[in-house]
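Structures incoming, each one as structure tokens.
Shared between the two complexes below is chain A, which has chain B as its partner in the first and chain C in the second.
The block that comes next holds the complex of A and B.
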């Protein structure tokens, strides 16, 4: 037996390997599309399709019968003051809730990622995830017992003599909608931010402090740029559900806490005005698109920004 | 004159564990001071207390003469070079170094001048626009140093900054660090577990063990006159021979007796500790030993057997054993003829002015 390999055999071996590798490369070029074809088909049929139909409705006159004369009237109707007011309300409520969510979720994610220690890290995350398992309707009713006219807060404040009559702005206002939305979506804001923070080396934060940065500068110059991807993910995940929520405004919103999604629901199911409803749907979609685009810009600028 | 840094009876406890136990330290301005010890000896905790990341449980920390226990890190006139460098990964080399000056809100030109000047000092000015991930370990190390130095701190703290570098680069950086320290004239407090590194760079070394300081002194002092058995063993190679001190009269050399009955004079000791009758250890450095093929007539000699001889280029290392089993290492410059071969008996003597005794 000779130990040295036959050079010709080696060449053949190499050629064979190259062929296999070529085949693998060929297959791997198509594999992602093969794997994705199912989900893509489902998205096309059940998501893009209906959206297309809505788009057509929004530009047609009497859409229910579909007699097909093209018009912009639905958009003109959608931009009436009464809808615009609700749209403004919706954007204000969603934005305030989003800002509150970020203001609560950032410190919370920081605490879980860096401060509480290995012992509490997983239990806290689990507790957050579990809080989301609660049925949304039950959660909103629970808030009604807290915020209601004879609810927990009013009862306690009256018993303590701090107020004489129940606070009437606690429920059926923008305030109550914002509170309920913020509480409901907190896990979805904390978890992406936590994941982004876990990738930061804690000593980098110490370095910032050592170099003269207080908490705000450390956040602004180090934590935020390094979690820009998590920030964007949080907004994408949370803002669209926030702006299109209809359960919270319906149950705790009253008149002043009305949001566009409930108006759209009413247009479709109550009044049968599918055209205006479709037009409003696209207004809502454009608003969420704008916010997501804006936050993408903020995240992008920060993660690349190296200047002052 | 006040010291750049002073620790008075500083203690740090984490729960039941005492990490640092009532240590006293004073670092003058412009000194290269090392905290040397094995891992877990409390040296990093001490450094983190000086930096402000940990608060002393007891005792007082003085920064330039002022009480500093509770000053937060971002208000302290100290800067820390982290073991893992901890550079800001999203910022260029320039912006990393400019982070400190920007907090001090200096004019742009002033900031630029300072940053580029310190980058030149560490020979990284050509890399100002790079991101940290595009740098080698040694280059990151230099940037980390520049980022701390640019703030002109009263004390620069370094936590094993060369630990992640390979041996050759480490040796080069040791010399360079020492050189930079002398050039900028800032006090350096350098934490390391590598005694050779500490010896190479330091003006003074504090040897730490189990949260306490065993000895503070110049490299020569801790090497030639170790205060404790631990220091003798930790700094360089040492032969430790059990002896009993029999005479500590002032003005005459200390007399000590080996278990074999052999007596010898010892020139050097920390006289306040050493008492007659106390079990003690004679510290003999391998390079101070002389091997004789026959027992010398005029000086005390320890009889040993050669276990192994190892040629190391400029020196030959002899592994010896005494009849009672104590291991001794001797280094002799390469010469002919060799004093003996493995298995043969040789007699070990030493220059008496080199012998040092510590209480066991």
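The block that comes next holds the complex of A and C.
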């Protein structure tokens, strides 16, 4: 259990400041850049470079060769109805999956941090990490054994006589994409929430209970405000991969579970329309950026205010 | 009324004085425990159930993935064993991951050390820039890589895959190491400087040994990110096959599905074994140092 503001830690922080401030032997003004030059150079060339070229392509007319004139046509093409439909689909799937993720991950993180005890805490975290080490494509594909026509759910329901024919909405639909995405990204939602919970002093929770707070009041007035920052971080961490996921819709999505990533892949590798593909990529980036920004705004207005 | 098996906590004492019959409290506690166990079981199933069922079906003597179970066979394993593309793709993924991991550790150490141990202009900007690949979707990084390499005339192969893996993975090392470096007692650093060590010697002899467990954890993460990465490799591999690309293309051919079940089971088993052994070693190393493995996660 982490203790509240540790005087030793504060002392360390001051010492650290002193180390920074004092002129140190052998530490020149350029010393940090000696260490940073490699990492920053690599990112400038192979990260900023590709994003820059992507931006250029999205505004070029004959983009395959990259010598066309400047134009907005690619963005106009990217915003045509059939792509917008897929975009709406993508946002719906990502939002529902994110809500499900938070609904499962939040109580799970709480249980791991406060309820299961020291004996189970580390094995459970390990299990989460372990599930993420497995190949994601295999994890996605494996859901066909549960959701497929001859899968676990259909077989059990038929054996019990609840259904006569296999349910056909279980696989190759929005439903299956949402289920699979939720399962795939669960570790990434639990870990930051767990980290946020660990910063809560357990005595605060006991104090809340002693003062007569039920679980709902404890949650609303104590746990949630104290983990609001972690909650937001989690939204940012999971929403970005959710909205840009390619493998899940490709393997279990079918027609109704189509997402933007599949369209982008098709534009680049299938049809060779790099300009429109680049423009659509930036639309996707803008959409994920918008959600990130929105979640910060909402947080600013609500969650951190405990007085109500 | 008093349940003496458990140590009395403040909470229980207050519960006993609360109105309502004692039975209700005991029942409620049992109900809560049952619900917690049910929830945990559900989560365990969501995380591992499908892969376990897939492993069972890898021995099923049928081309259809599903019930009923038609009989035991290892023929899918034999078929997978004889598949040359599988082995070359596995070798390619291993090669890339083995080169990418040390590179990411080096870049991660250098950047985390600079960002946490010096104060300089543009420190915030540099940190933000290095963290950026972590919040840009991998799809976009992969597509950008494709455009970048093909417009510079570079050939798409395992080298370009490796470069892009470094770009997406080393910022993770920077983040994990920076969190740990902030916790580290700065007096150790100062003491080393006072005793005449320069920055580089301090890094090598004082800081790196203290960071060893975090470095090991980072190595595990980076290795699996690279080994498992599909989308970035998919766009930047050209005609080369990494293992995830092989899995993806094989999944599109229905008659090969049973073979994928077999190979999935083998690979998953190997990965589970590797991770468990690695974490056990890591935990022991951290216990010897009196550090808590949870700090890496919670940091």
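Here is the rule we use: the second predicted complex is superposed on the first by the 263 of 308 C-alpha atoms of A that agree within 3 Å, B and C clash if a C-alpha of one lies under 4 Å from a C-alpha of the other, contacts with A are read in each partner's own complex, and residues count from 1 in each chain.
Rule of thumb we're sticking to: a residue touches a chain if its C-beta (ideal position, glycine included) is under 8 Å from a C-beta of that chain, and two chains touch if they have at least 3 such contacts.
None of these values were measured; they are calculated from a predicted model.
Once the two complexes are overlaid on the shared chain, A:210 sits against chain B and chain C alike.
Contacts of A:225 after superposition on the shared chain: chain B is touched, whereas chain C is not. Using the contact criterion defined above for the overlaid structures, shared-chain residue A:201 touches chain B, although it does not reach chain C. Shared-chain residue A:138: touches chain C; no touch with chain B. In the superposition on chain A, contact of A:271 is made with neither chain B nor chain C. Residue contacts after overlaying the shared chain place A:186 against chain C, while chain B stays out of touching range.
Between chain B and chain C, C touches the greater number of residues of chain A.
Overlaid on A, the two complexes show chain B and chain C touching the same residues of chain A, namely 206, 209-210. The touching residues of chain B, when paired with chain A in their complex, are 51-53, 72-75, 78-80, 82, 84, 86-92, 95, 99-100, 102-104, 147-148, 151. Per the touch definition, chain A reaches chain C in the complex via residues 12, 15-16, 19-21, 24-27, 29, 31-36, 38-40, 42-43, 46-47, 49-51, 53-54, 57, 66, 104, 107-108, 111, 115, 121-122, 125-139, 141-146, 148-152, 155, 182-183, 186-187, 191, 194-195, 198-199, 206, 209-210, 236, 240-241, 243-247, 250-251, 261, 264-265, 268-269, 274, 277-278, 281, 284-285, 288, 292. Touching chain B in their complex are the following residues of chain A: 201, 203-204, 206-214, 217, 221-222, 225-226, 303-304, 306-308.
Of all residues in chain C, those touching chain A in their complex are 9-11, 14, 36, 39-40, 43-44, 46-51, 53-54, 57, 64-68, 106-108, 110-111, 113-115, 117-120, 123, 126, 129-130, 132-133, 135-141, 143-148, 151, 163-164, 166-167, 170, 174, 185-187, 189-190, 193, 198-199, 220, 224, 228, 230-231, 234-235, 243-244, 247-248, 251, 260, 264, 267-268, 271-272, 274-276, 279, 283, 293-294, 297-299.
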